[in-house]
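So that you can tell them apart, the chains are marked A, B and C in the order they are listed, and the count of residues begins at 1 in each.
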């Protein structure tokens, strides 16, 4: 399983064109789809940001975290606190505050976790995210406990107050405007992540993934770089959490609970964690999968579990990975 | 003073259950290098199956003919049922993944967790199932001015017997030697003619038996509820981290530590009791990553 | 000019004395070979000097600076690089990426996450040059996992070389390689090392290779240095012959075929 090398000339141009087309298609969605579908896709894009960040650790650095809900949740709760306790309405301020909080938590947790690898790393990330969950759960006078904290969209403003959501038709306007807001941030996140993984630092991470001993022996400070990757990864998840709250209108301890971390892992694996675009596709597809599964059956967890098991057994490269492998195989035919 | 004794007894009770679960998890990891994320769910399944058996026609028949003993016999039956489930899981879901990086078995057991959790909801419904009949029939022992359930003492004894039994099994029997050999060097064991595949299935089944037994043993005292599996999994991870992956003594000591800390926590700091446990796990991982008794 | 000096270096594993009071010096541009039977401590010494293992006692002094407690990346920056007996590469990256990484690291560029790696001409050109020097230019875009053993061995050395070290520690660079390729590999390594003025310490079992290229041969036995000297001196050393070959006499080291 290899990371596709997209450096050569013609591929870069094709990549740009493809990206532009996809962005254009995404931009057209609110005009062709109804409010519900637009909202649904917004969720998908939000999770895509989280999965993208998560995969920096898994696909590129070789670390499987089962605790990413901690950063998503920190971002979400930070927004809730900023709006409720600081009385701020600007989404930009929420993002700044949320990112600051997430950065802190990710830096702290990451420092502890990157000293270990493999199973212990996974268990440690899980345990630490559970600490946060138990705090959110128990300190109900601060966090609202299982009821959570409401964040109404009509309280928020976008672009420094230029766009607000008061008055009639506010909800439609919100869904419409917020979709583009998220889309813009999604595009930005994707570009940022693409540059990071193709930078010398990104290459160093892949070296650490492939052979941490040798990485050390060519002078790479392994633990430090893992920590930096962890912080970046957590920040992306935090941004996703921040963007998720206004959409959901509510944040509860459920998004800190470890099955949600599992969903992030699921999305990434579904799309293919050895590819760049895999997590994005996986997140969007998973979002649809889960929504329809939940709507169709009380036992949606069973359905999703079956999907995951089948995926691991039959399609370990995920959607994008499998497509790429097939493409490579057919492209070789004379 | 009496309260103190009761808390100690409660801790021992809880430690016995935790030990059963954690020892199973540790055994599976020790032999197969697999962490089964669905292990806690198997514990829950053991609880549900046992509670169901006790409350069913079978249970009533057993109760009618053999009284309390009949009901108690259903406990290992529940555990064996889970072992059977394990014997099906290993060849179908785990064996195909042995050559692949270990992330894959984490993923597949996570999927298994999702499947089993909902399967339990499907089979047994959302309301808690209990096996109180057993507890009622075992009466109480006076401790100070309180009456302490005799059943809890019974469980503590079971835990002790299980610890000793497991130790004897692993270090004093031929199969134990085979288990240890396979866990140390799988290829060498195969080269010496051991049927590694069969050893794996057996080890996995035994680990699942332990989890199932933990559930069977806890359900007379505590009703089976949805979500108990996930809670148990996290706690058994904490036990394993503290005690060391792959170590029997570690599972015992870890279970005792976690249990006592939890009891003290619930008594004195109920808000952060869970947080304290996870922090201890994190601290142990930082200071002594292999746990108190783990191998490097 | 002394480049490396180990002073009473010791590394014990319980009862086993892997490195038993070894005091060794290596001069600039010197080409030494470390020989000895299996378990003599050659690889352990390499591990201790390169930082893979911490010594129990003793000192390691490199270019006048004490590096005994230095981390591996610190030693790499100081100028010590090594290759591995069991090939240690970045298997899911291309040969080019492997070498480029070493160069990026050397230049302190790996912390850079805002620029695209393949656009750094200085690094990419140098990586191509190194691949060329080691005869691997044709395998530039191949994923390393798929390369032949001899190629992987050469790449392993190329990776260490790309760090532009002052001292190159090579652990059995020709082991596991067919006899025909051995000569080619050693020729490549020796010519590159000599032309750049890099000091080299090679752990090797093939005495033909050892006699052909070494300025000095260090014979180790049971963790300690048994003897050291020029190839001629070692050739005539009966005790060494007994340890290494099992017989002594003037023809001990000559191949009898």
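To be clear about the criterion, a contact is a pair of C-beta atoms (placed from the backbone, for glycine too) under 8 Å apart; a residue touches a chain by one contact, two chains touch by 3 or more.
It should be emphasised that the depicted structure is a prediction, and the values quoted were computed from it without experimental measurement.
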Note, CA centroid farthest from chain C's centroid sits on chain B
Of all chains shown, smallest offset between own Cα centre and global Cα centre goes to A
Taking each chain's mean CA coordinate, chain B and chain C are separated, in whole Å, by 50
Rounded to the nearest Å, the gap between Cα centres of chain A and chain B is 34
In whole angstrom, the CA-centroid distance of chain A from chain C equals 44
Contacts from chain B onto chain A in the complex sit at residues 35, 93, 96-97, 100, 102-104, 106-108, 110-119, 121-122, 230, 234, 237-238, 240-241, 245, 270-272, 274-275, 278-279, 281-282, 285-286, 289
The residues of chain C that touch chain A in their complex are 50, 52, 72-73, 76-77, 81-82, 84, 88-94, 97, 100-102, 104-106, 109-118, 120, 123, 141, 143, 159-160, 162-163
Per the touch rule above, chain A residues touching chain C in the complex are 1-3, 5, 7, 195-196, 198-204, 206-207, 209-211, 213-221, 225
Counting only contacts in the complex, chain A reaches chain B at residues 58, 64, 66, 112, 115-116, 118-120, 122-124, 126-128, 130-131, 134-135, 138-139, 258-259, 262, 265-266, 269, 298-302, 304-309, 311-313, 316
